[in-house]
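Residue numbering begins at 1 within each chain, and the chains themselves are lettered A, B and C in the order written.
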Amino acid sequence: MNEIASVKKNKFKISSIIIYTFLAILVVFYVAPLLWMLFVSFKTNSEVFDSPFGLPKALQLDNYKVAWTAGKLGVATLNSVLVCIITLVISMIIGSMAAFAIGRMKWFLSEYTMVYFLMGMMIPIHCVLIPLFIKFSNYHLTNSLWGLILPYITFSLPLTIYIMAGFFKGMPQELFEAACIDGCSIYRIFFSIALPLAKTGMFVTGLMTFVSNWNELLLAMVFISDTNKKTLPVTLTYFVSPYSTNYVQMFAAIIIAILPTIVVYCLFSNQIVAGLTAGAVKG
Amino acid sequence: MKKKLLSVLLTTSMMVMLLSGCGSTATTDSQADASTDTAADSTTTDAATASTGTGDVQEISWMFWDDLNATEDLISQGYAQVIDRFNTQYEGVYHCTPITTNLEEYDTKLNALIAANDCPDVFICNPGPNLTQYVESGTAMDLTDLLNTKEADWYGTFTDGIFERMTYDGKIYAVPTNFAAALVFYNTEMFAAAGAKVPTTYDEWITACKKLQDAGYTPISCSAGTSWCLSMVAGYLCDREGGPDNLIGANAGTVDWTSPSFIAAGNKLVELSKFFQPTAAGDSNDQATAAFYNGEAAMLIQGSWVIGQINGNNPDFEDKCGVFSFPGIEGGADPNRMIVKTDNLVVSATTENLDACVALMKCFTDETAQKYTAEVGGKIPVINVAYDEAKAPKQLGYVMDILAKSTGTLGFYNESLASVEAGDVFDNAMVDIYLGNTSVEDGFQSVQDFYTENVWK
Amino acid sequence: MDKILRDKKAICFFIAPGIILFTLILLIPICQTFYYSFCDWDVLSSPEFVGFANFKKLFTKDKTMMIALKNSIFFMLFSAVSQQFFGLLLAVLLTNVKRGRNIFKNIYYLPCVLSSAALGLLWSFMFNQKMGFNQILDVFGISGPMWLMDTKGFIILPMWVISFVAMWQYTGQTMMLYMAQISGISESLYEASYIDGAGKFQSFKCITLPLIKPMVATTLSLNAIGSLKFFDLVYNMTAGGPNHRTDVLATHLYFEGFQYFKYGYASAIGIVLLVLCLTVTIIIKKGIKIDDYEM
């Protein structure tokens, strides 16, 4: 009995060494390019072409200072945060409600409604850009943050609904039946049972929505002209002049822009795996 | 617990920002919003007067393809100063709000604004088919009467012939703010070390390249993968072979793209490109320029806008940087024509504040701005102004000398063809020829095919 | 139960905000796109109706369209296969790993979070002829190829390069979705299987795989649609490549519409893209049959 146990333990150790090595090598592939960007942000522009992969000769902290002030990154970050959080909250609420109706409730138009929403995801954004802009311009919504938030929510809805509908569909019927027997209304079932169960799904979708809107450039560039209302991705383009590119300050700005995102997404993504108990083996 | 605290924090900060930031945006006129912001933070004094929105202040918007605060481009910084001066000088009367994007999204945003009937009052535009589009659709305002009557004095300050590329059927549709010429910059030290002499003909140029190569230097640095860079060289070769008739004939349909002078130009392109740096196909424009001012290559074929970039990145280089005009081809056409490109201001035909627009354009072309263009920006002024040559970069002096001898100008080939798409087809064909993907004949045949199908109808 | 699930008022309550917002904002622009695809429009003047001319030209005379279709379909297949495989692999590995799970997961998801413009710039440096990988290869005496300018072959090298970078960027997303799904599988199922003597791999095959089938359909559809629509990385790395050779449908659309001012033609390309996405989604849905399992 002990022999079998110890053999099993050894086997387990070897396989976990292999797994960890593989994961560690992957980490190098993922982190190395980003580390390089960090190094470049501390160089001067001519150094970038002279010794692109070496360490910076001297830490050019000025790059960060100039990127922050000239690019007005403070205001831009605030705008980005505001737009993305509002979009996130509203699209999650509207999206989960619609997803529940499509995924769980029984009505003959549910499939077609899903396709209707999916069309929003399948149409390339460049196609709808100009008609959308004309419409918003007529309602004086351009050059305002709401003019960004509304399209962002609309574009995030298809993805949210599609993924959440999948999560709602996968829920066990018995839970709902039990609640129904207890006399819960459908609204109560949704808010008190379905939503909490779909927490993981909500975090995943929320993360994807936040991230895609955070990096969205085209709408932000075309809809907003006011320098005080511009979002972060737009400010990154400031460092590209018509005839040359200011790489070092641009990378400094990129590093500054990534930091809040990393904080947010670490928070979110840790919630996603909270459901996995430590040490559990799942296949 | 942590999660709850975070969500409470987020919600409260959200509400605070919502109430403070979004309050004025939803329903008020976009123009009134624009009036509370200015491009440069320093001139916020006129924000107080301008924020009244209505009343006597004429509000205009100017659209540009570079951010005015963060840019390192000297000309863009000059423009930022012009806007400041304008707003200070006309405080209480006119006010200009810049709308900026980056170069890539510029056309997208401009066209979206025009489609939404919100065209900026003044905007910057490339010459050639780009400008033609705005002229033909009626977006650009006809300035001929204005320039000939009311503003005749202002019109008289411009150098001769500068309006040539903005005139359609005798009508002027844009005002230039500066111009640049394309020529060959060279490293005088390398030339001296290799015993090469500055060429005046194509054959002399090949000889010089060979000498440089034998001495161990890379003769020419070019970003051959960037289509407009290669097209600059190809365009010059086409013009040196066949002269202005080539372009005029090609656009009119009387000259085939497969005619001998074009083919000869293509062959010379292939021959010349053998002296490019080995990584020419993959180098970006920034890289190729850096290779030149870092002393890795002897020559750079570029527009004179690069002077600011060279001197800015390597101040020591100014003393060893010479300039020569693109050599002529013996047996070919006039060797003294220059490829030039102007920055142009276009006035929207639907503007309500023409006086303000004119005042703004005058600011761009007044002596202060134009002196800056030459002395700091290293580009060529459009008015007859005496600038301080000691302050200006040395290379500019050489450029001006060459210009004084020029007999005519032409635009970049990709900005002189029938449409933007035609320009792209030409550029791409040149890149393919350089890469060796097609023969010279086939490359020009593809341009010919495009024209047969889409232009000569 | 059934009656509650059919409650019309409740359905309207749940679906109304989404439908209203979506209709108000996107319906008319989408309809307008349909209309413009039958017109000649240069944005600056009025559209001119030309019937099916755009579509005819698209499929008979437009060489770039054929290249774009080829590249887009290649890209879709490559992404689907690679991201499904690696995403699932990573998800399974990470759910089995005790220590460092969060750190690994966060690192693998990191590229998704970065803007494609930044990444395009980053990777064009890496794949530059002089710098980047070629420098490393130089150390070993190998002269690296022109990663982003090579034009040989049916699917040219730059297209493979871009596909690899896209895989690097988006595998984390698929991994995250699979992890979310796996986390929902109840413990007891696994415990029961171990008691019955099943090995790790067997329990993966018989429990995990079938139960994540819904997510396979979802991620596959998302991968397919996302890769057909892909724009940012291609535009920032090669801008359509040497003479349109790495053009995909979205970049072809962009150039036609926003650089050549042929907006009607671009709308036609958009409609083709839409139809392609719809077709692929339907095929995937029909292909993966999902049974109702007890989780």
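Basically, a residue touches a chain if its C-beta (ideal position, glycine included) is under 8 Å from a C-beta of that chain, and two chains touch if they have at least 3 such contacts.
None of the values given here were measured: they were computed from a predicted structure.
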* Structure fact -> A student comparing B-C to A-C should find more C-beta pairs in contact for A-C
* Structure fact -> If chain centres are mean C-alpha positions, then the most distant from chain C is chain B
* To do: Would you mind pulling out the distance in Å between where the CA atoms of chain B average out and where those of chain C do?
  => 36
* Once you find the CA centre of chain A and the CA centre of chain C, what distance in Å lies between them? -> 15
* To do: Please list all residues of chain A that touch 2 or more other chains.
  => 49, 130, 237, 247
* Which residues does chain B have that touch at least 2 chains other than itself? -> 108, 111-112, 115, 287
* Asked: Which residues of chain C are in contact with two or more other chains?
  -> 43, 258
* For the chain C and chain B complex, residues of the former touching the latter -> 42-45, 61, 124, 128-130, 146-149, 151, 242-244, 255, 258-262
* Asked: Inside the complex, what are the residues of chain B that reach chain A?
  -> 3, 6, 10, 14, 17-18, 21-22, 25-30, 33-34, 37, 39, 61, 65-67, 69-73, 76, 99-105, 108-109, 111-113, 115-118, 285-287, 289-291, 294, 305-306, 309, 313-314
* How about chain A: which of its residues touch chain B in the complex? -> 45-46, 49-50, 66-67, 70-72, 78, 82, 85-86, 89, 129-130, 133-134, 137-138, 140-146, 218, 221-222, 225-229, 235, 237-247, 249, 267, 271
* **Contact set on chain C toward chain A in their complex** => 1-2, 4-8, 10-11, 13-15, 17-19, 21-22, 25-26, 28-30, 32-33, 36, 43, 90, 92-98, 100-102, 104-118, 121-123, 125-126, 131-132, 135, 168, 173, 176-177, 179-185, 187, 190, 200, 203-204, 207-208, 214-215, 217-218, 221-222, 225, 229, 231, 249-250, 253-254, 257-258, 263, 266-267, 270, 273-274, 277-278, 281, 292, 294-295
* List of chain B residues in touch with chain C within their complex -> 107-108, 111-112, 114-115, 133-134, 137-139, 225, 279, 281-284, 287, 419-421, 424, 428-429, 431-432, 435, 437, 453
